[in-house]
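Each of the next two complexes has subunit A plus one more chain, namely subunit B in the first and subunit C in the second.
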Partner chain A sequence: MVLGTYKEVVAARSTDKQIQKIAQDGGIVSALFCYALDEKLIDGAVVAGPTEELWKPAPTVAMTAEEVLAAAGTKYTFSPNVWMLKKAARQYGLEKIGTVAIPCQLMGIRKMQSYPFGVRFLADKIALAVGIFCMENFPFASLQTFISEKMGLDPNLVEKMDIGKGKFWAYTADDVYTLPLKETHGYEQNGCKICLDYVAELADVSTGSVGTPDGWSTVFTRTDAGETIFKAAVEAGVIETKAIDDVKPGLGLLEKLATDKKTKAMKVIDDRKAMGLPVPYKASSEKEDPLANI
Partner chain B sequence: MSILARIKAFLGMEAKPEKEALEEEVEKVAEEKAKPRIGYIHLSGCTGDVMSLSENYDILAELLTNLVDIVYGQTLVDLWEMPEMDLALVEGSVCLQDEHSVKELMEVREKAALVCAFGSCAATGCFTRYSRGGQQARPDHESFVPIADLVKVDCAIPGCPPSPEIIAKTVVALINGDMDYLQPMLDLAGYTEACGCDLQTKVVNQALCIGCGTCAMACQTRALDMNAGRPELNSDRCVKCGVCYVQCPRSWWPAEQINKDLGF
Partner chain C sequence: MSERVVISPTSRQEGHAELVMEVDDEGIVTKGRYFSITPVRGLEKMLTGKAPESAPVYAQRICGVCPIPHTLASVEAMDDSLDIEIPKAARQMRELVLAAHDVNSHAIHHFLIAADFVPENLFATAVNSVSEIRKTAQYVVDMVAGEGIHPSDVRIGGMADNISEVARKKLYARCKALKPKVDAHVELIVGLVADKGLPAGLGVHNQPILTTDNLYGDRENFDLDRFTEIMPESWYDDAEIAKRACSTIPLYDGMNVEVGPRARAAKFRGFTEKGVVAQHVARAMEMKSALSKMIAILAELDTSAPVRADFDVRGTNKLGIGAIEGPRGLDVHMAQVANGKTQFYSCLVPTTWNIPTMGPATEGFHHEFGPHVIRAYDPCLSCATHVIVVDDEDRSVIKNEMVRI
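Moving on, here comes the complex of A and B:
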């Protein structure tokens, strides 16, 4: 099961024209948080918000739709959102917290919920964890290398970045620049190389562009809480859906990418074990499903 | 006897297949067998760990009335002689210059079937690691070590203090005979030399860090910052409780438990 446990998978997008315009793909994260804030299902959401430095995000607590939208769009570098969860509870006084997280961040959140050794009164305040598909993450300096050195672009002119169709994309007001993904290899953060999760298997709802056409997102509902909120958002008309079998390229591509990531990671895990280096995961020989995130 | 066997003997039962409601468990356990005898031993610590335990208002009365017998503990039980115990919760590190503490700890090991390092002082030494002595009333009291330095420890619950929830979860797991849940606590009995710098040496240096921020979130003294996606330690604030490394998703990974808790 390379796509993790899920209840339902659909193609979806926000019906809000403004969100469609600024979102990375289908605007699912923005739409869900705006809806959940409106309906008071969450008191606020920890998002990767903008900072003074362009393209360098920082964990931010969004309490209004406006603040959610200010954080729309993917940033391909670190935003340690888990760090902000405790502040959201303590300093902002939130009782029901939403957060957007990449797979490794969800691992930190879920481990904290199952084993809250030193984390007091936070585990049950995570009301909605939206996961995003993630192949790897880049240190900020790597992004600078792609944009400034390899593409010869002024980072200040870049309005959107994207990864898809085998390329790293940078959009300015007038032009589109691309870099073959091969050129980005070696610039990823190293910790990603043992990661066995592509599709945010531990989220309440996970989403990403792969599997659906431009302007749409693939959405998995995984937990009861995730299913309830997503269905309510669809019912309320803030998100529209299509059957995943009716769209191109469909689940096949997602399965392929998830399998590729897991297969590569298992090789690194097994190699590290052979060298005696620590790895928190089991070796291929130690588990039934060699690609399981265990 | 192995630790597992001893815990099972302590529970008087084999692992149950299904987790049942706590209240039902309380009645059942109370009916089925003698209540486990628990002792609470206070060495060099601030009492924060047992304070945290007492924050479990919803289960505390049931726990103390129906589930367990507190048979020993300063301020809890009017008893001078330490009795035989099924489980001893030891809070605080042990001072090597304090003969009473050393003697008490040795006696605990003798009288208790299971010894639990309860809280980071007992488990890792925590902030008492910084003691240099030279203070009234006993300037000679300067060497404070985790209890596992002197006696065999069966399980540890680190935290400064451990959260009320982890204490409640541990108690429920004990009641249910859920050994899978308790396994990390058994493993952590061996983690006695903790420091915020473990993040650098055991995670970042090992090419394991992914910059998620869980360590900085978990730090109970705000000794950690995240800088360029990596934890940055202010060692002046670190109390060496070990919680940052214990919570890190790249130190150990309880996948099965997480899937179970999520209903996967």
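Moving on, here comes the complex of A and C:
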């Protein structure tokens, strides 16, 4: 089960031309939030919104489609969205909250829901948690450093960033720059090295580019809530889908990458445990499935 | 022939206390003594040497019944010690939180006295009414102060964040919708208290009242020079009781006083009644005052205004005073900050003021009315307990004489 528990997996993309244009891949997160806002399934979403500094996102409460779209596209650095959830429920007065999160943030959210210490009445207000696939994440200074020093590019000129085919990609207005991913190693945050979750196993719906062709996303529906909203969005025509078996490269690549991430992380976890360091995971000898996200 | 009637612990109140009444042949109380037997908390001592920001976080945990007044008194004391002028919107939000807490806390008290006044056939009505009111009142505290019980967003220098316009409108609409419910609730409670037919004059005493403000609290109206504090040994004329009492006796102008809703109503709202019934009526009526204040603040709160002032945390060792009118009365916290650390911290809390007045207020009526007199003050003892008389040799108080439930 390297892909976590899920109900269904499909290839999907937003049918909205505007979303297709600005989205990272299939525009699933934007399409789902816009649809859920329209249908009042959520009354706001905590997203990684833009700040005055290009490529540095900040948690933002989006309450309209425009605000959701302003946050479209992947930023390869942190946006501490979990921190904003309580504010969304309190100062913003939201009662059905959507959020987008990477796997580690989802672990935090689910733990918070299980042990709502200092977050009374928040657990039941999270109506839709969309997870995005994540291999690793970079501190903002790391991102700036390898873009400007290794790629020789001013980050302010970059219009889109992407990771795929073993490379980090940066698109300017009229050029494409790449950096082999092994050159970015050492710049990721330390915690990523022990993370056992590639495909956001704890989300209601998780999505990412891997497994599907350009312009499409792979989507897992994992919970009843996630399945209901996703199916409704497909039915309403805001998202179109294809069977995952009909697209290339398909689930095989996803399984391989998820297994790689887990295997590598498990080795680091075991090493750190052997040194007596505190690690919030079990050692491989302590669990039935050594790759389980526990 | 004098006989002793002892109620220990007194019931349907927060914390543990004992009521000792001496009664004559007819059972009429000739001497009433009420004292706290709740173990000491020691929070004030824990706060010394810590960063000033720790104070509201600790102080609010004195008790889960009125964490809001303690938080507010704590930040107000720190604001004063650090000479901070908080923004207008922050002040409005603090007042809003306290008013909402008043409504909630008074409603809780109606649970506690329900068994005294509410007939069986109206019990469900009364309980539902209390629950509905609390739900909305606590929702306001949740949203404005971060948490309904231990508010995280009331900070030194103001508030952590302003609320959004969406939230303001939502709260405004809900509070408006609550008004007819609160009106009906107050009418119900006031009517039921009158129906009980308690003897006229029950609980009336001649001690002065102490209050600083209609609803929020104003340090300008609390004169520290007029305040003195004595140990229970010099107050209770019974050596055994004096030894066991766990609270100090605060005096204003050398006299024990009454604090709370009746005191505020008498000073600021032209209320002239006294005694048990008057206390219940004043408390219920105050829910209306507090709700209308909430509605007024929510109508005009500028949600784009700043709510936190910049300040220098180092401090000058000035004695800061935070005076807050909690549901049960005046709550004063005092703090001194120097070198960025709390040097001195002291809380002077509502029920402590009332304790020396409550016992004598039972006098002149049959002892069976004693508990009614006590409950009319809505005593809350956790925070009132500040000192414990311990014999260092045998540590007798700690060992054997705490209340056992």
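Criterion: the second predicted complex is superposed on the first by the 294 of 294 C-alpha atoms of A that agree within 3 Å, B and C clash if a C-alpha of one lies under 4 Å from a C-alpha of the other, contacts with A are read in each partner's own complex, and residues count from 1 in each chain.
By our rule, a contact is a pair of C-beta atoms (placed from the backbone, for glycine too) under 8 Å apart; a residue touches a chain by one contact, two chains touch by 3 or more.
Everything numeric here is computed off the predicted structure, so don't read it as measured data.
Taken together in the superposed arrangement on subunit A, subunit B and subunit C clash. Judged by the touch definition given at the top, the superposed model places A:R120 against both subunit B and subunit C. Once the two complexes are overlaid on the shared chain, A:F78 sits against subunit B while remaining clear of subunit C.
Of the two partner chains, neither subunit B nor subunit C is touched by A:F220. In the superposition on chain A, no contact is made by A:Y35 with either subunit B or subunit C.
With both structures placed on the common chain, the touch criterion links A:T5 to subunit B but leaves subunit C unconnected.
In the superposition on chain A, A:K86 makes contact with both subunit B and subunit C. With both structures placed on the common chain, the touch criterion links A:Y281 to subunit B but leaves subunit C unconnected. Counting residues of subunit A touched by each partner, subunit B versus subunit C, the larger count belongs to B.
Contact with subunit B, but none with subunit C, is seen for A:P59 once the two complexes are overlaid on the shared chain.
Subunit A uses residues 86, 118, 120-121 to touch subunit B in one structure and subunit C in the other. Residues 4-5, 59, 77-78, 80-86, 102, 104-105, 107-121, 123-124, 137, 139-140, 189-195, 202, 222-224, 277-281, 292-294 of subunit A are the ones that touch subunit B when the two sit in their complex. Subunit B makes touch with subunit A in their complex at residues 52, 157-160, 162-166, 169, 184, 202, 206-214, 216-220, 226, 228-229, 241, 243, 246-259, 261-264. Across the complex, subunit A meets subunit C through its residues 61, 63, 86-87, 90-94, 118, 120-121. Residues 142-143, 146-149, 152-153, 161-164, 166-167, 170-171 of subunit C are the ones that touch subunit A when the two sit in their complex.
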